[in-house]
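What follows is a single structure, written as structure tokens, with notes after it.
Labels for the chains are A, B and C, by order of writing; each one numbers its residues from 1.
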């Protein structure tokens, strides 16, 4: 269970949100909503351990954000694709997954196939469209063994089939006992999702 | 003790109490510098070798001491800010930089003025002057890094790291410059080599304490301004400016 | 493959795909050195006297130019974020990147230095010493430079700022290394300089990855 207690976040001289407390249990899908600049991205970055909160605590069971067990438990998908333009899809995916947990080559190729990038293994990422790049990163998401998914605008740049695919993955992940916290400006049709409004 | 520090270090408390401290620093500064000037210009004798031009030492040497002292304060304050998350420490570090740079600049200028009668040139690659010059570069680097960030929190922490890295480097830089100087120059008259007499020593001490008080007063004054900018969105600052709750 | 090794090979791979980022600093190194005979004098006695200093200053500037790309690309594309939040040791990931940077700039500079030594009329014995100082100290240049690169990674158009931060910190290396070569030219002992360069290398090897990791975390906030 992920426990967030009394969280405050400040950006520059402005207070984004304060005294935010909530809990996420296994199987929960949490849709974080709010206007632009309300702190959705900052909240996800704090949960990922990238930003430091002004106040408050975050615990996964007994693990704090800085512990290795916590870091192993999360997968964070930010605005940026986390791919280097000069390298091929396969090389990029291999590096991305190794940062979490090493995965064998056939599984990598299989994951690329699943996200609709068959035959793109050796294509340099600079030549991919924004949607295709997103799909490479999503392949990393499928392969990760992380329990908590933190997805910041996962649907941007994807076509309707792509959006449906991601929604399916999220549902599947949470049915298997995972947790997912995500933001989006598109209306999402996920079943059983809870909403956290900032 | 710890609670007391935290209470004083809260921006609002600092803003209110620092106002009362400033006169207690300004008055000793004025008295000490008047006494120091009297001792340095009237009481203390001219040097047998350097004549009256030795008197510039009474500004040069304290300024050079201060240039190092302020850098140490800046780095230590930055470190305190990083470790204990005390906002006020970052403020002190930031406002100290231009003051330290000014002392460094003063040391360089006075060294150069001293050099004209002694060496016949405005500048010589003397060990102390060269080190001062590099120290000035370190201050300028710190200030431009601090100004380069949009996010004040990042600016605080990043420049604190630079100051600490600089502090670790300063002894190495001073030593290497000293060593480099000894390779290339024989024993010429150096800024630091003055046969010291008791009257000169007293004048030197008076001015150097005066500078310490001046630094303290300037840091407090500049910190008050900086605190207002940083806390611009808090209620107490708005009340202070508008005089009401809104 | 181990993640640290993979970080290193990944940077080498990217460099192969983007060769100009590796070649440009080296070309700069060669061109800037060949300006000195034109600006000062083509005389052998003059050039051999300033050779060590010129080559050392040029290699520092070349390293400085290449440092801009050390973290910038990975910052822009988001890989750095993933590195920071991964459970692997961030200092070691950074060290792998620094080693890759040294292999791509320091090593070519060392290999090119005899050629430039000949152009500036350094004798064979001094060229050997020059290469030795470069071997001992170019890793320190990459290491110390990495602190600066990690501090400015989130700032746009930060090229000039980096040189401002780093060059003063390079001064001790410059002094010890170039004096080692010129002392050797006049047949003097140079053990002291070499020990200093080695000490700087060991100390920065220990401290830089930690400091750099901290600054990257701060920059990403």
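The criterion applied here is as follows: a contact is a pair of C-beta atoms (placed from the backbone, for glycine too) under 8 Å apart; a residue touches a chain by one contact, two chains touch by 3 or more.
Computed from a prediction, not measured in an experiment: that's the story for all the values here.
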Comparing A-B with B-C, the busier interface by C-beta pairs is B-C
Per-chain C-alpha mean nearest global C-alpha mean belongs to chain C
Per the C-alpha means, the centres of chain A and chain C lie apart by a whole-Å value of 37
Whole-Å distance, C-alpha centre of chain B to that of chain C, is 32
Chain A and chain B have mean C-alpha positions lying a whole-number Å distance apart equal to 48
In chain C, the residues touching two or more other chains are 221
The positions of chain B in contact with two or more other chains are 151, 153
The answer for chain A against chain C in the complex is residues 48-52, 68, 71-72, 74, 76, 78-87, 91, 94-96, 98-100, 102, 124
Per the touch rule above, chain A residues touching chain B in the complex are 10-15
The answer for chain B against chain C in the complex is residues 134, 137-138, 140-141, 144-145, 148-149, 151, 153-154, 157-158, 161-162, 165-166, 168-169, 172-173, 175-177, 179-180, 183
Given the complex, residues on chain B that touch chain A span 150-153, 230, 232-233
Listed in rising order, the residues of chain C that touch chain A in the complex are 1, 3, 6-7, 10, 13-14, 17-18, 73-74, 76-79, 81-88, 220-221
